[in-house]
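Chain IDs A, B, C and D follow the sequence of writing; residue 1 opens each chain.
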Amino acid sequence: MEYVTIKWLGRKPKLVNPILIEGLPGIGNVGKLAVEHLIDSIGAKKFAELYCKDFPPQVFINPDGTIELVKNEFYYWKAKKKEQRDLILLTGDYQGLSSQGQYELVEKILDLAEQFGVKEIFTLGGYGLGHEVDKPSVLCATTDKDLVKTMKKYGAVFRKNEPGGGIVGASGLLLGLGRLRDIKGVCFMGETPGYLVDPKSAKEVLKVLMRATNLEVDLTALEDKAKEIEQIAQQLRDIEAQAMEKPEDLKYIG
Amino acid sequence: MEYVTIKWLGRKPKLVNPILIEGLPGIGNVGKLAVEHLIDSIGAKKFAELYCKDFPPQVFINPDGTIELVKNEFYYWKAKKKEQRDLILLTGDYQGLSSQGQYELVEKILDLAEQFGVKEIFTLGGYGLGHEVDKPSVLCATTDKDLVKTMKKYGAVFRKNEPGGGIVGASGLLLGLGRLRDIKGVCFMGETPGYLVDPKSAKEVLKVLMRATNLEVDLTALEDKAKEIEQIAQQLRDIEAQAMEKPEDLKYIG
Amino acid sequence: MEYVTIKWLGRKPKLVNPILIEGLPGIGNVGKLAVEHLIDSIGAKKFAELYCKDFPPQVFINPDGTIELVKNEFYYWKAKKKEQRDLILLTGDYQGLSSQGQYELVEKILDLAEQFGVKEIFTLGGYGLGHEVDKPSVLCATTDKDLVKTMKKYGAVFRKNEPGGGIVGASGLLLGLGRLRDIKGVCFMGETPGYLVDPKSAKEVLKVLMRATNLEVDLTALEDKAKEIEQIAQQLRDIEAQAMEKPEDLKYIG
Amino acid sequence: MEYVTIKWLGRKPKLVNPILIEGLPGIGNVGKLAVEHLIDSIGAKKFAELYCKDFPPQVFINPDGTIELVKNEFYYWKAKKKEQRDLILLTGDYQGLSSQGQYELVEKILDLAEQFGVKEIFTLGGYGLGHEVDKPSVLCATTDKDLVKTMKKYGAVFRKNEPGGGIVGASGLLLGLGRLRDIKGVCFMGETPGYLVDPKSAKEVLKVLMRATNLEVDLTALEDKAKEIEQIAQQLRDIEAQAMEKPEDLKYIG
């Protein structure tokens, strides 16, 4: 096994001028939720798995009792309409643990993408606010000035000096290292409190992505998940509020 | 010295279709205790040592004043009966310290196993509960659906979503990386509080392994160790209970 | 991409016997502030960027919404007067994160410097005092005894056993690894409290450097920045003083 | 520069059947103090320096204002009497920072030693007790049973299961990795509280080493240093005792 290993599942798909869309674990798991929902909705097919020595030395256990080595996964989808494009979708269990591992991993992902002629990348992630947000905006950064204009039309938001810390991890590196290969890139970051997984933010990210790629995706499942999470968040707020209100009583109980 | 180095002790043994059984240090040292007991009971012979630059830079001191570089050890045992199988047994002082080191190490172990034609692996470990357990179950995960059925017959337990965090370390990776080489694998995890070394849990793991491999092992020595540990655990509980009972008195003393 | 990658921007400049001047992030950001100010003042031109797998996996976002992969940058400047020398100037976002990364990075920087025939290096940094300093001295260390004498003439200060911990990071390694290649080197360290970025200290460092290199630099912009920082520092001191003075009152409020 | 680089100073010395004696930084700096004193006393000459990318990225500053890249140093000494042996002595600023770095470093040291035909190694270090010790014993561990007997005659002490944690770092690895090359080795560990540098312990280590190697070393300078450290230790004990005795008074002062 190489430092980063690609395992092909069957024949390599034949794709025409595909776009790469990435959503790996991160703040609020926004990117991963968005890409996983996209894969399910459009019925994309897995064609490759990626293993890496910079992932944790770990297997997960499937419901049927069999194990899965931790990995990233590549799916493809072929355009159904003239205004659509073929897609490669990337999600997975982990990003690299170390700085060097992240660079190695993204380089390998870009190698694979170039094999299929990828010239454009969308990366999806979250932008952690540290507080609740009613309607999450979708912040954006790109490799090209022209793309800034285009993405604004699709509803993406550009705020000077935000995120102040830039973009850390695969979503940023795919753009940064991609540009060194003349690949154009766009990163969508859904605002999120960042405390819990955030399907509401993922939904907003997908809405902008749908406009940018002419995809049609049913967002109902994501809305249902968002409602579940909202209930959990409300319960946590209630517990916290009770704890704040009754310090006196707690003493008597104690 | 390579990153991982194998030192052969004399001639390589000739083995027929052997099974690899691994038990390295981990939670409750369950796997290590089980394999060490097995080696002693069946009289397995050491044939190779493994050194690794990802182990701590350390030597241990033998009772006679000589030193031992920290290492893993391979033993073999030849089947005595028709229904038994030749065995390679793996134990040692440490697992790799880093993620990458763990991957490198397990790859080298699999290389060695393949030299002897290994097609099946049993890995042994503990499943940390964080609380006392009267009769430890032996949880299981496998590389194949068929093996799930078989292992259930031998008394192994499959609980959906347990362990939730999957299997971390050599016991997991040997299965995950082994499957990429078409090697079948089974992991037995003995339930354990995880506070102390746990011969009781190791005994339960060995019982299931014995059924799965038609081995006959005298478990008396392990039972004796379990009684010793139980006494120590009881003493610790007594000390803790005393400390909890008398906060008032402590104030007067203080 | 290599572990350390140089990206040339257009043709390599033709330089005569150039000096390398380094100022990367560090205590009080003294070196980085000084070199950035120097680049702006003399109108040096960027000719290369350096990427490294030991930098954080990160992109920054420009005010126009486009991304920048984290990097170091090389600028050049051609001497205007007979008594001046051609310059290569090095600054950037980060130093290497790991020990090994720092060594690799500095080796690559020295490789580039040797391509241009560099035989002398000035490295700029801060010397953290942990307390306020009215007029920061500029401490110095060199690769050669002769340079000690020369630098004293320019106002650099040598204090026995200071800094006691030596010089950590690129400013030290460029001298240490440079000497192994027979490159002469001088490190100027401006005294700084080390709490905030410190343009006042950077100004003192530049003053000494100007004398050592016959450069003429307008320091006004740096003085203005120093005044801003002094105001912020004063505000912080006021807040701290208030907090110290009124512990009683705080109790009533609480 | 390689990961580990040897810089030869002039011609390689011609040595007959030399012994390697190592004393690098560690607990109480016992080994380093002992070897440095030995180098001074017998007038050994430096013939090589070793640099390593696993050392901190750091230079130290000499009293004359020049810098020194952090390093290890090799000295040699040619036997004066028939019953003596040629020596290679190793000391330095640091051991490797990482596990892998320690292995790489020790392998390179053994490579150098084998170039000179080294077949025996003495490594010197401290054994931290965590409490004061009146007359420090010198514990010992060896690569060979025969050496255990011999070293006992010279006053070295073997205590079963001590040190319980084995020997960590270069002093242990030189023996462990050396044995894989059929090099015999002995480690002397001077008992030390471990709080401060400990010349008293270093002196005891040297006494045993002198008997084992027929060296004659004047220990006066080490005894003087030991008295200085004893005074400092006494002052620290006084301060601690005062702090313990007068909690009441301290309140009035506060």
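By our rule, contacts are C-beta pairs under 8 Å (C-beta built on N, C-alpha and C of every residue); 3 or more make two chains touch, one makes a residue touch a chain.
Predicted, not measured: the structure shown is a model, and the values here were computed from it.
Listed by label, the chains touching subunit B and subunit D alike form an empty list.
The chain with its CA mean position farthest from that of subunit C is B. Counting every residue number used by either copy at the subunit C-subunit D contact, under half are found in both chains. Centre-to-centre separation of subunit A and subunit D, using mean CA positions: 53 Å. For the pair subunit A and subunit C, the distance between C-alpha centroids works out to 37 Å. Residues of subunit C in contact with at least two other chains: none. Contact annotation for chain pairs lists A-B, A-C, B-D, C-D, with touch applied as defined.
Taken together, the subunit A residues at the contact with subunit B in this complex read 1, 3, 7, 51, 53-61, 63-70, 97, 101. Partner subunit C is touched in their complex by these residues of subunit A: 96, 99-100, 102-104, 106-107, 140-145, 148, 158, 160-163, 165-170, 172-173, 175-177, 179-180, 185, 187.
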